[in-house]
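I've put the structures underneath this note.
In the two assemblies presented below, chain A is common to both, partnered first by chain B and then by chain C.
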Partner chain A sequence: MELLPQALMDGILLGGIYITIAIAFSLTYGVMHIIDFAVGEWIMFGAFAGFYLNKWTGLDPFLLLPVVFVIFGLIGCLIQPVIHRVLSGSKGNPLLMGLVFTFGLGLMFQGLAMTVFGFYSNSTPSMFSEGSFFFEKFGFSLTISTVRLAGLIYALAITMALHYLLKKTNFGLGVRALALNKDSAGLMGVNGKRTGALVYGLYVGVTAMTGVLIGCILSVSAGMGPQYTIFAFFVVVLAGMGYLAGVPWAALLLGMVQSIFLIYFDPGHTLLAVFAILYTILLISPKGLFGRGV
Partner chain B sequence: MKDKIIRWGLPVLFVLIAMPAVIHDTFFLRVVTEAVMWIGLAIAFDVLAGYTGYLNFGHGAFFGLGAYTTALLMMKAGWPFALALPMGGVMAAVAALIAGFPTLRLKGAYFAIATWALSRAVQQLALIMDITGGPDGMRLPPFLNPQFFYYLMLAIVAATFALLWYLLEHSPFGLKLKAIREDEQGAMALGLNPTKLKMQAFILSAVPTGILGGVYAYWITFIDPASTLGDLISDQALVMVVFGGMGTLIGPVIGAILIFAFKTLFWAYLSDFQLLYLIILGAVIALSVVFMPNGLWGTLGGFKKKKRDHENKLETSLEARLQKNEGE
Partner chain C sequence: MKRSLLFTLSLITTLMLATTVFAEEARNFFKVGVVIELSGDLATGGNVTKRGYDLWAQEVNAKGGIDIKGKKYQVKLFYADAQSNPSSGASAAERLITQEHVDFILGPYSSGVTMAVAPVVEKYKIPMITGSAESPLIWTNKFVYTFGTVPPVNFSGATPINTLASLNPAPKTAVILGSNDTFSKATAEAFKAAAEHAKIKVLKFNIVPAGQDLTPLLSAVRGLKPDLIAFGGHDEELIKMVKSLRQIDYTPKALLMHYGVTEPAFVNALGKDANQVFGASVWTANAKTSSKILWPNAASYAAASMKAFNTPADYTQAGSSAAGIAFQVALQKIGATPGMSEAQRTSLVKALEQVDIDTFYGKVKFATSGQYYHANVGMTPLTVQIQDGKTVIVGPANIKDAAPQYPMKAWKGR
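Showing the complex of A and B:
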């Protein structure tokens, strides 16, 4: 029991990171109606970008976040038209094809990363890496590493920024309109193509930034992608697909599960537990924990 | 259509049956045996992906479940192969029931995610359990008779093909599945029960996959989580089906033969660049989706049809002009 507060704290700190991935992911699903199977690979590429930029420039990864965001945002904006083309095709089953396309993309990225970066596991050093806060009260001791705390603060900042963007700006209004009804939004003057590209760029940028942080907090390796893809799915399905308000709770739950398994059980069983929870939720409440999904 | 399959299918089957009598090269027989296995895996994958419109990213898990069930029953329970093999199919069907029950009621994306997560979970389960030998895998008693495995594989795949051909192309079942693929709500409005039909399609896809896994285990005599439960099996089946042509039975066969031939050549000559294979698989998937959404077979068939339509149009316009001339 002594470790329980520590496990919960770690879970909250870790879960914070997943919030940003899942919100951006959920947003893309809302607008484009596709599930991006390459989400974990974007995290991996972001982590490597942070690792190498840090190596070359010597700057702190937290300072490099805007650079990574801009680079990956541009890449996302450039890739989205291809996905749009697949999705708006008249032949076959466009939604299915979109899934297949991102899956192929993910496979390609994975092979590419393994070829270029090799199989080594690295970690990006940061100015926050060393320090930690230590509390001791009521017989419980609690260690909070600074880098994880910084990660949580980053996640909160991104969440607030996305919330502002969606609820207070014209762009956000367009995005929400597109999510509700594509055709009507188009008739009301929302440029679906451009907004879609921007949202996808935003999503890729945010995901890659989060990747940089995961590189600082956990590790960077070419094979890390699929695990995070499953985590992103887990959070989004648990929250209810397309229901943004549920994302933080689901992400925190994932963080807890992961940290509890790390401390009390074998970390190798995490994926099994994640699947078991996902399965149970789908069985009991297919529309997510809150019953508000699509 | 029926004449066509008999005209083309029977000679091909005859050639395949007669082949081992003519060619005695063991390596060649081995390659063909595996190619036949992949044809079976690809057409089983297509039942769900092409005909029903649901992507099963856990296809490899059913293959591995069949392989492990057969291996475990033979090694730990001492069952004969002939009894253990069908159990592989039964196990795959049970897994399909369990996995499909909550997910098939939902939209396609949920199913794709859930099956993918399932395959990862099954792989991890095989890695940590004692009975499966963990990462070291399992060894089966060697039974060195390449011809036996060739004929067994061929019989299973040919039977699967015939069954699927009948069910999907010649019975209402195939039409019902296509109705679900095109418009699920519309299908429901017509009085179909999509969840039940999808479940049946899922089991129809899982059982041959599990049985092929069982044959594979006894044939290769060594199975481990990486080779039988890994993603590569699902990935390759997906490539074959997408490249060959979804929603047809001939397309996946062509895709399976071409991709498998490519794979064999690649591993034979370029095995130093193993990772390149993953990139090529991904690129083939992505490019065929963008440029050839109907796959090789669908695109070629489309050209043929277009040409035929064009010729027909030309003919009718010519006839019309002739008649006009005659009238004058």
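Showing the complex of A and C:
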């Protein structure tokens, strides 16, 4: 019982990491209907960008986040037309083609990273990575790691920023219109190609920043991507495919289940518990936790 | 027209087949199959293992090849990626054997993949030595064609626990965790058995999902306040474990891990936080060994590795080079030339069973019966500790280079 506050806090902090992994992934599905299986590889590239930029400039990775966002945002904008071409083809099933295309892209990225960055694991040092807050009262104790707390704050800030962008700006209105009906949005003056490129750029930029964060909290390696792709997929499916507002709740639920299971039950079956909960929720509500998915 | 086309095709096929057969017969080099994890979760260990095999092949070829009855035969390595996946490893081995017709195989890095490849080499009667796999399960299966140069973890894992138990005051309680893969589980079990034997109370023993963030579990561990935390896992998991302990700010009196601590990446990634972590090993660059084959001692091998890869060698790399040496010695003993027959390969197994050699890596001598069947039991397991960023032998007492630093310095005071 004395571990309960710690279990809840660890769950929230773990959930924070999952929010950062899944939020932009959900956005790009909601708007562009791309299930990007290379999401883990964007995280990996972002993590390496943070690692090397920190090494070369000596600046803290948290200060480097905007730089990483701009670099990867541009890369995303440049790659999107290729994905758009695959998705808008008239032959075959474009959605399936998109899946296969991004899966292949992910594999290529992994191979490329292994060749360029080598096979060793690394870690990005940060001013936040060494500290923690400790509280002890009424027989309960609680430790909050500074770097994980910074990660949670980042996750909430990004969620709010994306929410603001979508709901309160003209750009967001265009994005939502595109998501609802591409043809009608085009007739109303929304430039589908440009908006699509910007959204994909935004997604790649945010995901790469998440990579920097994961490099500080956990580790950086060429093979790190696939496990994050799986978690991004879990969270987005649980939240409801493309339903952005559901992502934080789904991520927190996933983090909480994992934390409580690791502490109170058999740690060996944690992933089984996560799967079981995911399946149960999907059986009851196939459109995700809130029934609002696509 | 049709008939002439058919005739041309048959002629081409016959010529191609004849060329292949001719090429097989005329081969004047040993075809060595290498099944390793070049990609996937275990790519780090797989590539370290590859370095060991590569360095052996380079050195042998630089000396003109393996001397068989006065004639020298070069070795050529044929790689197949197991992708860190046992079933891919088994397919890769099958391809090397049936399509490349390799003479013998240098085996995978991980125990899981080795367990999948061993039945394949058994089926085709192709000898294999793994220069890395350490799970005891490989050897209790008693595969006739599979050998290993690194002793199993139940042979080596007790040593660091015994070193810790001999300290004053010795750790009284322990939490032992293992990642959910063949090697890591066996390591955790070996640590547990040794701790119980040394009268260290095991407060918690868990096998955990591979690669996951264990911070919540470590928060629970902190509540138990164990003197010793011992963890069986692979390189990246060890780095994550130290970072998690640092983030929740719990410093046990001793932190023990197995393979991965001696990898340069462990110190590079963790910096000062890598210091004072204990590990198990069978070889370091300071090991006092002497040999007449290829490298005269551990130091000269370490220097050769630095020259070739600009990275210090660890025991997995050294064990992998020693696997090549064991084959080399056994081939010389039976006088086998490239393109071996099944009878020659069976004789090679017999010759490997009789190998008893001193190498730069230490003594290589494979057990021929019992629970360690075909594992190398010639080595002395070592306790190592990272001290000022360097791997130092701290046990057993009679061969240590430095005293163990204990208890561990708190993370915040570093």
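The rule we apply is simple: the second predicted complex is superposed on the first by the 278 of 294 C-alpha atoms of A that agree within 3 Å, B and C clash if a C-alpha of one lies under 4 Å from a C-alpha of the other, contacts with A are read in each partner's own complex, and residues count from 1 in each chain.
We take it that a residue touches a chain if its C-beta (ideal position, glycine included) is under 8 Å from a C-beta of that chain, and two chains touch if they have at least 3 such contacts.
Everything quoted here is computed from the prediction, not taken from an experiment.
K.L.:
Chain B versus chain C on the shared chain A, clash or fit?
P.N.:
Once chain A is superposed (C-alpha atoms), there is a clash between chain B and chain C.
K.L.:
For A:121 in the superposed arrangement: first (chain B), second (chain C), both or neither?
P.N.:
A:121 contacts chain C only, not chain B.
K.L.:
Is A:271 in contact with chain B, with chain C, with both, or with neither (first, second, both, neither)?
P.N.:
The answer is both, since A:271 touches chain B and chain C.
K.L.:
I'd like to know which partner A:187 touches here: chain B for first, chain C for second, both or neither.
P.N.:
After superposing on A, A:187 lies clear of both chain B and chain C.
K.L.:
If we overlay the two complexes on their shared chain A, which of chain B and chain C does A:89 touch? Say first, second, both or neither.
P.N.:
The first partner, chain B, only.
K.L.:
Once the shared chain is lined up, is A:101 touching chain B (first), chain C (second), both, or neither of them?
P.N.:
A:101: touches chain B, not chain C.
K.L.:
After lining up the shared chain so the two structures overlap, which partner does A:145 touch, if you call chain B first and chain C second: first, second, both or neither?
P.N.:
Once the two structures are laid over each other on A, A:145 reaches chain C alone.
K.L.:
Tell me the contact category for A:259 with respect to chain B and chain C: first, second, both or neither.
P.N.:
Touch partner of A:259: chain C, not chain B.
K.L.:
State which residues of chain A lie in both footprints, the one left by chain B and the one left by chain C.
P.N.:
Correct list for chain A: 110-111, 114, 266, 268, 271.
K.L.:
Can you name the residues of chain A that touch chain C in the complex?
P.N.:
2-3, 6-7, 10-11, 13-14, 17, 110-111, 114, 119-123, 125, 129-130, 132, 134, 141, 143, 145, 147-148, 217-219, 221-224, 227, 258-260, 262-263, 266-268, 270-271
K.L.:
In their shared complex, at which residues does chain B touch chain A?
P.N.:
49, 53, 55, 57, 101-103, 105-110, 112-114, 116-118, 120-121, 124-125, 127-128, 181, 231, 235, 238, 242, 246-247, 275-286, 289-290, 293-294
K.L.:
Which residues of chain C touch chain A once you look at their complex with the stated criterion?
P.N.:
Chain C reaches chain A through residues 39-41, 43-44, 46-47, 180, 206-209, 211-217, 219-220, 222-223, 235-236, 239-240, 243, 246-249, 263-265, 268-271, 411-412.
K.L.:
Write out the stretch or stretches of chain A touching chain B in their complex.
P.N.:
Within the complex, chain A contacts chain B at residues 34-35, 82, 85-86, 89, 91-93, 95-97, 99-101, 103-112, 114-115, 226, 230, 233-234, 237, 241, 266, 268-269, 271-272, 274-276, 278-279, 282-283, 286, 294.
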